[in-house]
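You will see two complexes here that share chain A, one where it goes with chain B and one where it goes with chain C.
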Partner chain A sequence: MTATAGYGQALDLITRVGGVRGAMLVSAEDGIVVAEQLMEGIKGSAVAALAASLATRLRRAMEAAGVGASLFWHLQAEGGALLVVPTPNGILVVAVAEPDVNVGLVRLELLRAAEVVG
Partner chain B sequence: MSTRAVEQWTLEPLVKFVKEAGARLVLVMTSAGQVLAQHGFSRAMDVMSAAALGAAIMASTDEIARQLQQPPFAALNHQGDKHGIFLAGVKTGRGRLIALVAYDLDASSLGLVQLFFEQLAADLQAASPKDSVPKQVLAADFERELSDSLNTLFGR
Partner chain C sequence: MADEIKKLSSQLAQDPDSLVFLRLAELLRHKGQLDSAHRVAVTGLERHPHLADAHDLFARILADKHDYERAFDEWDMALRIAPTHIGALKGLAFLYFKVGDVEQAAAHLEAAQRAAPDDQGVAQALALARGGQVPQDTPGTAPAAAPSPSPAPVEEPLPAAAQPLEEARVFAGLEGAEEGLLLLDASGRVLGGALKNAQGQDVTDAVAAYLAGVSQEAARTTKLLGLGKWTGVAAEGRSGHVHLTAPTGDALLLVVRDRAVPMGRLAIIAQRAAGAARRWLEAHG
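Right after this comes the complex of A and B.
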């Protein structure tokens, strides 16, 4: 299986969950999209750039707090949610979801996808 | 942080871009390498040399694109350990200009620069004078205009 096909399967795991509007693999260092499966209307490049920027700042905050690397983060907004799992090889697995999505299930699938990618 | 502009209409878009993208420095120049405006931290860089080299890189890649019978490349990114340089063409009422963005990898990323560069290009296009006709350069005016431009850029 090629890396690209593997990435597609990793994203499939996430987008199958009800309430997920899209899933992406993002280069944490560059903030650019590696692979994506998004519903129409979501600007992937913007989500990727801002998620990577946030991930960098969060990593520094976690290190400063002495609690180690972040394993999962969830940002809840009025109109939706952003859920992210960083992988050891510098890829962020990102899900954009409805506000009432089953966070536990999405987290599980993000972690599975991270294993495939990482 | 310093700001210099020969063409005042470029300033507001540049200031906004540097703030949003977390860039270190942005230069706007002609395809010949003449700097029209700069905003950001420029002390570590010889702005005139950077502009000339940036314009030369763009000219080289434009020629490669021409030989490949393709339209000019939209943007180029050079990334080092700590810093990156992003070069791209911008269509304006003053013709095609070149933007050179220097950014620190600690504070920004290629994704952020690319994201906000789209807005910068749109802002520059909207702000540029639409009905301007390129002025004929007269020998009598050349030295005075060159001197004015250098004074503006170096803050003399």
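Right after this comes the complex of A and C.
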């Protein structure tokens, strides 16, 4: 399987969950979009940059606090959520979701997608 | 009921992966055989760990056994799997009533009512909540069944932060005030609380430095996505969980606990600490 096909498969796992508006793979280091399946109107590149920046701050803060690197994080907002799983190879698996999404299920699919990505 | 239990037990023995354990444990629970119900539910959960109904069932058994802490965890888990699970919302509302947090109880019942507008039980419980009365029974227990004792709501002591402020630090009186709660301003300056790592070393300043600007970035991200105001960031670490929230404006509140504390409970701790922080910030504004 090519890397691109693997990325598509990983994103499919996430976007098939009800209430997920889109998913992205983002380079954690520079915030660049590696692959995306987003609904129209979502500015992928800008969201990717901010997600990567937040991920870096969180990772450093959590490591400094002694709780280790983050395995999953979830930015909650009144109108929805951004859910993120960092992978060991520096990719962030990101989902944008509606407020009533099944967070537990999205988390599981993000973790599965992270395994596919590597 | 005994025949039904025998029949279900036999079915479960033949097919251990079957979901019949839900019905069996519920029947045992209704019969008051809580230890047997507990065993059946645990075995079922081991095979179906992502089944919200199984966590809800186990929570009700634990609540009947007065093990409210673990019941909370199980209902919290059910909601993480299925955010509109009626049983879990009712269950958490029940536990909030027990500790006197009527506001949270009503909020959970309102969420249950949104998900199931025709559920009369929810409507009745909500009416009781708004009237300031406490539901009598564990959720899922028919009113005619053996009523669980209904202790009066426990009045939580007012956090010291709500007392005369000249004497109170921001999180005084709250659990973890000196090792797991931190209040920062927008630039990462520590306004109150402190953090210690597992070795007992003070890591307050290091953590604060990394969190400077997080509140603004979270706000920019949700604005860009059209998601409205951000309300929190929950993160799982390898050996602990953190929760971030903005009690006011650009201030940032951080709660850190080890992994034994479920994320749902962390959010509640954060909510209470945010209340204390808001009062403190208003008084020191």
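Simple rule for what comes next: the second predicted complex is superposed on the first by the 118 of 118 C-alpha atoms of A that agree within 3 Å, B and C clash if a C-alpha of one lies under 4 Å from a C-alpha of the other, contacts with A are read in each partner's own complex, and residues count from 1 in each chain.
The definition used in the following text is that contacts are C-beta pairs under 8 Å (C-beta built on N, C-alpha and C of every residue); 3 or more make two chains touch, one makes a residue touch a chain.
Nothing here was measured: the structure is a model prediction, and the numbers come from that model.
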Combined model on chain A where chain B meets chain C, clash or fit: fit
First (chain B), second (chain C), both or neither touched by A:Ala77: second
Touching partner for A:Gly31 - first (chain B), second (chain C), both, neither: first
Chain B versus chain C as contact partner of A:Ser45, first or second or both or neither: first
Partner chain(s) touched by A:Val96 [first = chain B, second = chain C, both, neither]: second
Touching partner for A:Ser53 - first (chain B), second (chain C), both, neither: both
Residue contacts on chain A - larger count, chain B or chain C: C
Least C-alpha distance (whole Å) that remains between chain C and chain B when both complexes are overlaid: 9
Common ground on chain A, meaning residues reached by chain C in one complex and by chain B in the other: 46, 50, 53
For the chain B and chain A complex, residues of the former touching the latter: 22, 79, 105, 108-112, 114-115
Residue numbers on chain A that touch chain B, as the complex places them: 26-27, 29-32, 45-46, 48-50, 52-53, 56
Complex contact set, residues of chain A against chain C: 41-43, 46-47, 50-51, 53-54, 57-58, 60-62, 64-82, 96, 100-105, 107-108
In the complex with chain A, residue positions of chain C that touch it: 50, 52, 77, 80-84, 195, 197-199, 203, 206-207, 210-211, 213-214, 217-218, 220-222, 224-242, 254, 256, 258
